[in-house]
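As written, the chain order gives the labels A, B, C and D, with residue 1 at the start of each chain.
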Amino acid sequence: MKKIYPDAASALDGLLHDGMQIAAGGFGLCGIPELLIDAIVESGVKDLTIASNNCGVDGFGLGKLLDTHQISKMMSSYVGENDEFMRQYLSGELEIEFNPQGTLAERMRAGGAGIPGFYTKTGVGTVIAEGKEHKDFDGETYIMEEGIFADLSIVKAWKADETGNAVFRKTARNFNPPAAMCGKVCVMEVEEIVPKGSLDPDLIHLPGIYVHRLIQGEHEKRIEQRTVRQKEGA
Amino acid sequence: MAWDRNQMAARAAQELEDGMYVNLGIGIPTLVANYVGDKDITLQSENGMLGMGPFPFEGEEDPDLINAGKQTITELSRTSYFDSATSFGMIRGGKIAAAILGAMEVAENGDLANWMIPGKLVKGMGGAMDLVAGVGRVIVVMDHTNKHGASKVLKECTLPLTGKGVVDLIITNLGVLEVVEDGLKIVELADGVSEEELRGATEAAIV
Amino acid sequence: MAWDRNQMAARAAQELEDGMYVNLGIGIPTLVANYVGDKDITLQSENGMLGMGPFPFEGEEDPDLINAGKQTITELSRTSYFDSATSFGMIRGGKIAAAILGAMEVAENGDLANWMIPGKLVKGMGGAMDLVAGVGRVIVVMDHTNKHGASKVLKECTLPLTGKGVVDLIITNLGVLEVVEDGLKIVELADGVSEEELRGATEAAIV
Amino acid sequence: MKKIYPDAASALDGLLHDGMQIAAGGFGLCGIPELLIDAIVESGVKDLTIASNNCGVDGFGLGKLLDTHQISKMMSSYVGENDEFMRQYLSGELEIEFNPQGTLAERMRAGGAGIPGFYTKTGVGTVIAEGKEHKDFDGETYIMEEGIFADLSIVKAWKADETGNAVFRKTARNFNPPAAMCGKVCVMEVEEIVPKGSLDPDLIHLPGIYVHRLIQGEHEKRIEQRTVRQKEGA
């Protein structure tokens, strides 16, 4: 069975429909599926619900899907880097469901692991807990959060072999594995597709079973906050 | 008088013990890393890293290596990377000994508000709710009063909460307060700050 | 007449399609691997491996490389290893397309019993309950009757269940039965087996 | 802070008490903490509840703790390789709480991740579901299982650096990471302790934060079922 597609548009062929839910990997602009996002912009599909920790920045990453008004709802923990997001949210064009960052990650992982609900202390006593089931364990109160079962996952890895076995690089791993797990179909973009057998089986971060379609491409990998220190005595 | 940002960070660093895994928030808490000295402290970045190093030298920035504030950083010989579900698993699971965080308001019962001002722009809580719910000890570092001179150490928080009864220690420019049974206990006064001054700037009950 | 173990395994292999990730149980199901031919099938071993290879050559056994039956095995170029929580995450999460398992009893509603005989020694369910609850399709391969000649394809299971309404297809020495709305449907008769013979050996309702 | 101890007995010093709960890594005899088990036998601590997928074999692994009657309860998925287990169970000396294998692994992972309860389809309609809370999600019934929060974890890895960052080898990984996560204290034994910096940070299976004490030692690594094939035409 061939998982490799020539480009992002062909890899998404037949998978997109209006009103669908997409789980996206990445944290800020780090490890985001740039190429797949661009192809979704091109496709014109709309009324999307997107589960992603952030929503890109103005004009890059998921921010591009805001510019085109293709997103109707975001499930995120932080959207503070994006003016267009705020404008659409305040004007009522865009809905936001805030999720604490760890709850969002765990909801994705849970969906992928066949767990429809779990209990967490996170958010107890805050607005996040409103309307959610509360339950005590050992004298402490927890709330129930539900697994995310997305129609589609879009993720980015560093390298993958032909069977989809993937490795990530440094903090670009972030939400990519849990996002990949929770979709009915997962499309992955990588910087390099390597031959089967060239990745050590002990060192694969995401087994190919989670990856249905795979593309290789050039990534801009934009840096959001370039911070440096001075060389001493230079 | 009173402490400046660096003195507050240095005071917070005194709370850290050898061998601790610690999460530092954005702002003054970030400065704490400069004052750990010889202590064997491992910093977590909740986007998926233990053993966070300093900012890179110019030209050595790596787009795949950022902290939770989206800033470019570096790795150390002890560093490990993992995904976000694992990262918050260790946070919720109590494996992180302490988080040092900024705050908008803290109440005498340990309630913390640091993520949202209703009516203003809403950016989101990020990982703050998970951190305060999960880590062993929550240390708040902030100015004692806001820019209008009003106390940020309150009887009750007025802003939406990040966590209920989660704060253990408050370090401000005026001193150090511990959250105890019926209110706050003065642990230490900042240089040149009198107890009256601290009490005067504090709305919360000091016991 | 009727099918022998290898013919049953070969028939089960016909159910597998290119690209599938599959879990094979102990006994006859293990033989299915010999009959997948050119199909691109990846075998999962639920103790933490995708891409299970054949038994090692003598002298090449590795104590760190075993299957769920605790037998020494080998890896392939597609192999990946992971921990048990991840392994069963993919099982419960429906990522495994099919499991081919042995059984003590199957009922017409798809109930499966294959882990325990009360009053006899109890060994445990291992990963069987997770597999039948989670995988896309559950295919049972077993003899149609027990050693006393009694049907193992029943109206209702008499033994403690492994899963309720979980079986999709039953492959026995006498033929192939599909679990449908009101009972079982004959899909195929084994070589030299008449429909009367199959019906006679089956307690469950055949529709 | 030093995590390295000279031997298993010193690494367990002060951690053992009668009636405690211990989570142990390993599957069958693969990846089991042999040295720590031996030291627990030596310690004489008793009335133990042990969460472990299996209970070793007669005279090896956790089976040794059966011979000495130090275990009062096992939480396992399969105990079929052990005659002494059966004898003690049938005579009422030993209690067994059967857990489906995936439920056991997830309960350990949940305990380590601060999740006191989660829902699963596994075991619905079987004896496993009796007495457990049932809940419907999207028209399907699930049961609630609870996180395991053990007093002590004992696990075995292949290599670890001085800070406890650990890597496992092949299927010897199995229950070791989830077992390590769910203990208040985790003691790990490895075949080799390597200097800090010698493991690639991208390729660490279990970050050192989960490992409190660490020992290096010789392992027997007994094979339970030696199965081989013949070289063709040899």
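By our rule, contacts are C-beta pairs under 8 Å (C-beta built on N, C-alpha and C of every residue); 3 or more make two chains touch, one makes a residue touch a chain.
Given the structure is predicted, the values throughout are model-derived calculations rather than measurements.
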item: Any chain in contact with subunit C as well as subunit D; value: A
item: Label of the chain whose CA centroid is most distant from the centroid of subunit B; value: C
item: Averaged-CA centre spacing for the pair subunit D and subunit A, given as whole angstrom; value: 32
item: Distance between the centres, which are taken as Cα means, of subunit C and subunit A, whole angstrom; value: 35
item: Whole-Å gap between the CA centroids of subunit B and subunit C; value: 54
item: Per-residue multi-chain contacts in subunit C, two or more chains; value: 75, 81-82, 88-89, 91-92, 133-134
item: Junction residues of subunit D, two or more chains touched; value: 106, 109, 113-115, 120-121, 168-170, 201-202
item: Graph class of chain-chain contacts, one of line, ring, star, complete, other; value: other
item: Chain pairs in mutual contact under the definition given at the outset; value: A-B, A-C, A-D, B-D, C-D
item: Sites on subunit D touched by subunit B in the complex; value: 1, 109, 111-115, 161, 163, 165, 181, 196-197, 201-202, 204, 207-210
item: Interface residues, subunit A side, partner subunit B - complex; value: 27-31, 53, 76-81, 86, 89-90, 96, 98, 100-106, 108-109, 120-128, 158, 168-178, 205, 221-231
item: Touch list for subunit B against partner subunit A, complex; value: 45-49, 54-58, 60-67, 69-73, 75, 81-85, 87-89, 91-92, 111, 121-130, 133-134, 160-165
item: Sites on subunit C touched by subunit A in the complex; value: 18-19, 21, 40, 42, 44, 50-51, 75, 77-82, 88-96, 133-134
item: Residue ranges of subunit D touching subunit A (in the complex, touch as defined); value: 106, 110, 113-121, 135, 137-138, 140, 142, 146, 167-170, 201-203
